[in-house]
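Residue numbering begins at 1 within each chain, and the chains themselves are lettered A, B, C, D and E in the order written.
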Amino acid sequence: MINLVWLVPLLPLLGFLVNGLGRRYLSKSLAGIVGSGAILAAFVISLLMFLEVRTPGFQAVTVQLFDFISAGSLHIPFAFQVDQLSTLFLLIITGVGALIHIYSTSYMHDETSEGFARYFAYLNLFVFSMLILVLGANYVMMFIGWEGVGLCSYLLIGFWYKNTNYNNAAKKAFIMNRIGDLGFLLGMFLMIVHFGSVNYSEVLPQIAGVAKGDGTLAAIAMLFFVGAMGKSAQVPLYTWLPDAMAGPTPVSALIHAATMVTAGIYMIARSNILYTLAPCVQNVVAIIGLVTAVLAASIALKQDDIKKVLAYSTVSQLGYMFLALGVGAYTTAVFHVMTHAFFKALLFLGSGSVIHAMGGEQDIRKMGGLKKSMPITNATFLIGCLAISGIPGLSGFFSKDEILSHTFAANKLLYVVGLLTALMTAFYMFRLYYMTFCGQFRGTHEQEHHLHESPGAMTFPLFVLAILSVIGGYVGLPAVFGAPNLLEHYLHPVFAAGAEKVELPEVAHSTEWLLMALSSVLVIITIFLARSWYRNFTDDGEPRTGIAKVLENKWYVDEIYDAIIVKPLGMLSRFFEEAIERSGIDRLVNGVGRGVQWSSQQVRLLQSGQVGFYIFAMVIGMVVLFVIGFLLR
Amino acid sequence: MGMNLQQVVFGVLSIISLITALGVVFSKSPVTSVLCLILTFFTIAGHYVMLNAQFLAVVHIIVYAGAIMVLFLFVIMLMNLNAEGEPQKRNWLKYAGAISGGALLVVLLAALREASLPSLTPESNNIGLIANLGQTLFKTYVVPFEVSSILFLSAMVGAVVIGKKEH
Amino acid sequence: MLTVLLILIPLVTGLIAFGLKGSGPKTVGLISSLASLAVTIAALFQFRSAPESLSHSCNWIPQLGASFSVGLDGMGMMLSLLTSISFVLIFIVINKREYDRANSFYALMLLSQAGLMGVFAAYDAMLFYFFWELALIPVYFLCSLWGGEKRIPVTFKFFVYTFAGSLLMLIGIIYIYLQTPDHSFSYASFTAAALPKETQSCLFWLFFVAFAIKMPIFPFHTWQPDTYEQSPTPVTMVLSGIMVKMGLFGVIRWLLPVLPQGAYVWSDVAIVLSIIGIVYASCIAIVQSDFKRLIAYSSIAHIGLMSAAIFANNEQSLQGVLVQFFNHGINIIGLWIIVEIIQDRLKVKSLNEMGGIAAYAPRMATFLVIISFANIALPLTNGFIGEFLMFSGLYQYNPWFMAVAGLGVILGAVYMLNMVQKVIFGQPNQLTETTTDLRGNELLALSVIVAIILVLGVYPKPMLELVQSTTELVNKVY
Amino acid sequence: MNALISTALSGVLMMFAGLFVKNKQSIKFVAIVALLICFAANLAELCTLQGGSRTLYGMITVSSFSVLFNAVAFGATLLYFMLSGSAFEKVGEHVSDYFALVFFILSGITLASSFSSLLMLFLAIEIISIPQYILAGSDKKSPKSSEASLKYFLMGSFSTGILLMGITLIYGASGSFQIDELGIGEGAVSPLALCGVILVAFALSFKVSAAPFHFWTPDVYDGSPSVFTSFMATVVKAGSFIAFIRLFHGAFTGTISRDWQLLLALVTAATLIIGNFTAVFQQSVKRMLAYSSIAQAGFMLLSVIAFGDFAQKGIILYAAAYSVATIGIFAVLIKMKDYTFDGFNGLAKKEPLVAAVTTICLLSLAGIPLTAGFFAKYYVLTAAVQEGNLFWLVIIAVVCAAISVYYYFRVIMAMYFKSGEPGVEEMNGRFKFLLVVTAAIVILLGVFPGLLLQLV
Amino acid sequence: MPVQYYIFLSIALFCIGVMGVLMRRNAIIIFMCVELMLNAVNLLLVAFSKMWADAGRVDAAGAQIFVFFIMVVAAAEVAVGLAIIVMVYRNSQSVDVNIMNRLKN
């Protein structure tokens, strides 16, 4: 089964080709079937592989297809590596992916059949790239997927290409990713220079041999993390993600919540040994993660666009995951990736269903009371909210609390901030929930009687994801519950090398219980707070002031970037164009030509036509040359 | 005061020739210039005799004073150019000419000042005699003698081409 | 013998084409280019089996010690492949176009092809110089006869620029020639003439300026955007796809092996110039509103990277450059084909007058997107391999240089995506609504290009193997 | 010396032909036949010499080098007769006399290529000059022509005076006129000799129109009838050069060479710069060609400065390339009604073949590869580079070559890229065929210069 | 008597001739000055021939022959030159070299 791993990316690729080339000829249903079918099949295969991989004592398998690059001493095979980590991600990607494909078949039904097929082609291409990313057996393969998903997110954000703002958002996403990618590239080259290879199987053991705190390792780790910042929307490279909501909602669910944005976490988890040996970088990761978490959460408090709220919450959750990585809790980070994939996908799809019902309206101030008209969406959305807020018993609770406890063990201050973030999360999520589903409807009249529950193809994924959001947590029960932590056990081989280098600080069970209780209580209080404020919210329409205004405007980060990067770049370019190119070099070059003409005009005046002058000039010339010839001998 | 006769004669002749040469340049009327030039030629002929190039002296008188200058005179008469007809050059160019000519003189003299050469002996030799020259001309220098015929032919043709009226 | 054929076919057919009327030249051009392609492929196979059988030498000017010696190593092989493919594509694309005085047009095109082939095949300095100029003259006439309204001064500037440069190179050639023990122009004795270091570092500039003007490298580049803008698109394809490679080729074939120490002394300067060029040109490309100028500047940026990698001169960088020779050629020609098509449809060059074409010409839009992403070196397109290796090599030479050059990756994305957005995305206007999608011949040409892009992007091994020999050779000499 | 005798006799023959042959065409025919005979006689001598040399009374020394040069000169003249011979009639009625004068000039050139005594040099220069004064003034109807003639005559005789003074001083220093017995380069250089050498250099620079002695050139070339300008600017100039190089490489070697090399290097630089720069701004193609001839003289001077094999071969190759190309252009120019650049507008449309040939000739003058001009320039540059201490001059030369492209290409641009109705006389097939032959020669020498060089 | 005297004398004559050429604008006078220059040369040649003869060179007569040829050539030149001058006079009723500038630049 393992050797058929190439089938997993191949199937989506085929789906892409069929849909892409045949987009004029395929009917919608056919395109949908091809698209979703490919992913489903891939999911099935991944599942079978998983069953093999989960057997204890399974060693990572590398499946080499062909030689990709071989230049001199450098050899980069086109190879897949199947191990616990990649298989887990396979499951998440194909599983959630499949659900979202199914969801899309009905969500995108208003498109023309060509656009419909194009959409599924892109989606399949994305899944393909994502699979390459996680399956690659070396960093170059990862980079291929890395940029591939960037391309697909570009294409999907700008899916409705007639809208210029959407295009700008797509462009912004791609370019910001490129900035990160440059860091990734530099890291790779540094790795090539020092270890002569980029294959996990060769590099990681070598790294394990290096002393802790080595400068080179730190450099590589830092550069990689820059790449992760771009892809996983961390401060300072996070602003593209909220804009990316321009794309169709299922895309946001799949790419900008469940899978692509977690690539950064995957990368760091994959090279965990590297970070374990570079503690300074680890701290950076933790701090950046936490800052991102707080910042995004604070912005999310005052957003009125349903998708924007979810987007910022995604950013904030990603920050959480980096926090976990930062404190060395790789398993926990991956755990949170998984749970987050479930409930955030659920939330996005739910919001999609809402938007679908509202006929494209995304402003929650114009919603409310949708509970009655769309019960399923309401229920599932509520579950999502509970899960993300970390209500005990739901998946979010376990992953988040594990992160918090690890943070506590690492650094109390970080813990406090983390907890604060958790409360904010709870608050804005329920603000969102209550403003959307409770109170009375605030939208227009035709919207009101157009309201309806979404069709089965959309509600089914909601069901599934809701269930997963509930039970998903139980694969990674913290030790305190006494039950074995399946996930940690499963992933152990991946992180073993690092684990034996550094002992992860543990907290006493008693304290952990205490922390859990504390956070749960606080969360529940916050939720009630939000309920009391927003249950029957009425839009008084007056503009926000003070801190609220700042938050609504996202701390003006976009404006700042515009002022300190975009504008100067434009000015610089124009300066090059006008000052240096045209009036500088070009004028110089043409000046030479003009100089020749001018001097020609002057010289030709010598030719006065007067013999007297000619002979005079000759004699003068003779005298001068004589002087030179005799006196300068 | 060891100036022997030769040097005296040389001095006199040189002074005359220089003066008359300057006369050629500075005299207003072309006719005067011609006459000055003829005088110069005579002094030069005198030098030839002193340098015992008797034959050359004779030829010189015949060719230059006799033929060439007469031609010049004819032409000048033909165009009856006289002093008034001779237009005046713009002064600065005149001075420039004088100065540059002088400069050339200075430079050449400076260059040739320290040329070390054997000096001329008073006693005469016979290389300048017609017999000797004839020998040399028709033995060693027969080729240039023949070749010069080409020169004359072309000069002749030229004179015809230029002189003959087109119709 | 095949090598000689590669030069002769276009030469002879070109001279024939002068005499033809009507659609004759067009057919001759197509046939000749196809023939060249066939011969090139044959040569490719012979290269795999018996490389030395491709080199051929005979007396030319014995008094001078100049001989007509041609041959193809990996690099030459690949460049001639690029040349013949490009000309086939060009002739396919302009197949529907009607040029006045078509016979001269096609004849000159073919002559320039002959010149290019000669440059890439020459193994004798004098012969190299000969073809170097021979390739220039037809292009000069092509630009001046069929170019835009400002064509005459612009192309003349281009001509004088390059001519001056090549004269300097001539002096260099003469000097080295006089230093060679056997007074010969042959590649062997040129590489054998081990000159003292000081001499080399002086001679370096004589050659470098000539090549730098041809490439072009900042600050010798100002002829290039104007020329690309003014000259007819098919000629621009030749210029930007193939001709710029002459300069790079010259550096690898004649500069590095003949003046290794000179190159070593000045490599930092050369690389810095190239890198300035990358950033500078990319920035200017961002604010260009003229389609052709934008691509011209992007080309300067790419060339800058290549020359930097050449002077970094280690295995990876050189191999990357050689691969990039081919890929850059293919990609940029693809872009020009799109330009040609859009100009044919819309008759405008300014990006601000375009937009929304994707709705009316989806096929063309798709191709444009693919080629653009290949041009900014997206993985799994042909552009990636070259850039990856070049960057990696440059990094080994000096990380900071590479880091600055890497900005090109970001800026490149900026201007390419701007261009794509302005051309095919956004709301269509009444002009672009008239756009019609690709015709058969255009579709064919573009599909070939995209096929090459993807195949070489996924499986670059053959290319890398092809140029291996050259890389090793240069490094050995170095 | 077959060449000398045959040309002299042909000159006489032409004089009488004027009396007996009335049909102008047949006069031209006679001239061509005579020239062919001279050519054959000259080649015959080449065969008898077998690389050695033959001396006559110590006055003339015929070496294979000089014979080869004669061959080039005769060949160029032959081409000139065929292309432009018919244009003689337009100048005036003494057609046969013009031919005779041309032949006398040729005999002067043969002398210049083979003199071995300063006296012969003097005679050669005079034989070359005097007929030129006449040819320059041969168009009596046009005041410009006679004015040109007078200017040329006055300045020419002035330079003759300088030449003679130089020869005299050299004689004073060495006591001989035989160029192989001068020996002024051995040991310390006497000021007398140096003075003389410099004066001779000036006089010859005048003849080859090198700055600052070039002023006569544009006026005279412009004023003279174009058909004779073509001859003066090409074959005659080459003849003066051969005299120059023969004298300075044959007699003024050794210690003295350093001194005159410096001076001539300066003269060369000045010539290159003035010639090229001034040519840029001209409006009349004829005048532009006059200046280009100055510029080309600058390049030829490089081979005078530099000793060695490359210089010798170079001057011959240059003479051939330059003469053929210029004669070709002049042949076309003579057919044009309007000598300005605009007069050439749109020639390519009207007469594509003629335009193509003109282009090839211009490219050759500019020194573009594949034309003879390239190898000519290549040789002289190589000679200069080989000289070692002249690198600055080489760079100047290269820059000037780049500039020269400017004015040569103005004609090409006018012919091809500008539209217009050029006034041009009809050209018969024979003429066009000969033009093609000219182009063929240019290309052939451009690809296989060995054909010519293997004879040296 | 040192030969320098003769050198200086003839150089002086020569330069006077040059001066004349520069200062006069009448073509005929200019031509006459050129003749003066030639004569200066002749004088110097004869002096040198005497010098070398005294120094015992047998071929010293060659110099005088040279003078002879110079005269001959001068005669020919005069024939042609005067013819040209007359022709110019016919065309433009003047022999002033400075009003002859139809040809310039």
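Quick note on the criterion: a residue touches a chain if its C-beta (ideal position, glycine included) is under 8 Å from a C-beta of that chain, and two chains touch if they have at least 3 such contacts.
Protein identities per chain, from UniProt: E = NADH-quinone oxidoreductase subunit K.
As the structure is a prediction and not an experimental result, all values here were calculated from the model.
A.B. asks: Give the chains in contact with both chain B and chain C, ordered by label.
C.D. replies: Neighbours common to chain B and chain C are A, D.
A.B. asks: Using mean Cα positions as chain centres, tell me which chain lies farthest from chain B.
C.D. replies: So the farthest one, by centre of C-alpha atoms, is A.
A.B. asks: Name the most central chain, where centre means the mean of Cα atoms.
C.D. replies: Nearest to the common C-alpha centre lies chain C.
A.B. asks: Ranking chain pairs by contacts, what comes out on top?
C.D. replies: Of all chain pairs, the one joined by the most C-beta contacts is B-E.
A.B. asks: Whole-Å distance, chain D centre to chain E centre, using C-alpha means?
C.D. replies: 26
A.B. asks: What's the distance between the Cα centroids of chain A and chain B, rounded to whole Å?
C.D. replies: Each chain reduced to its C-alpha mean, chain A and chain B end up 104 Å apart.
A.B. asks: Compute the distance, rounded to whole Å, between the mean C-alpha positions of chain C and chain E.
C.D. replies: So the centroids are 66 Å from each other.
A.B. asks: State, to the nearest whole Å, the distance from the C-alpha centre of chain A to the C-alpha centre of chain E.
C.D. replies: That gives a centre separation of 98 Å.
A.B. asks: Could you pull out the residues of chain D that touch at least 2 other chains?
C.D. replies: Residue numbers touching two or more other chains: 119, 123, 126, 130, 133-134, 137, 140, 151, 154, 158, 169, 172, 191, 194, 218-219, 406.
A.B. asks: Counting only residues that touch at least 2 other chains, which ones in chain C make the list?
C.D. replies: If we look for residues of chain C contacting two or more partner chains, we find 160.
A.B. asks: Could you list which residues of chain E touch at least two other chains?
C.D. replies: 3, 7, 14, 17-18, 21-22, 25, 30-31, 51, 55, 59-60, 62, 65, 69, 73, 76-77, 80, 84-85, 87, 97-98, 100, 102-104 - these are the residues of chain E that touch more than one other chain.
A.B. asks: Could you run through all the chain pairs that touch each other?
C.D. replies: A-B, A-C, A-D, A-E, B-D, B-E, C-D, D-E
A.B. asks: Going by the contact rule set out above, which residues of chain D touch chain B in the complex?
C.D. replies: Interface residues on chain D, with respect to chain B: 4, 8, 11-12, 15, 56-60, 92-94, 97-98, 100-101, 104, 107-108, 111, 117, 119-120, 123, 126-127, 130-131, 133-134, 137-138, 140-141, 169, 172-173, 190-192, 194-195.
A.B. asks: Which of the residues in chain A come into contact with chain E in the complex?
C.D. replies: 604-605, 607-612, 615-616, 619
A.B. asks: Which residues of chain E touch chain B once you look at their complex with the stated criterion?
C.D. replies: Against chain B, the touching part of chain E is residues 1-9, 11-26, 28-29, 31-33, 35-36, 39, 42-43, 46-47, 49-51, 53-55, 59-62, 64-65, 67-69, 71-80, 82-87, 89, 95-96, 98.
A.B. asks: Taking the complex as given, what residues does chain D use to touch chain E?
C.D. replies: 119, 122-123, 126, 130, 133-134, 137, 140, 143-144, 146-151, 153-154, 157-158, 160-161, 164-165, 167-169, 171-172, 175-177, 218-219, 222-223
A.B. asks: Taking the touch rule as given, give the residues of chain D at its contact with chain A in the complex, in rising order.
C.D. replies: 151, 154-155, 158, 162, 191, 194, 198, 202, 206, 211-213, 215-216, 218-219, 259-260, 262-263, 266-267, 274, 277-282, 403, 406
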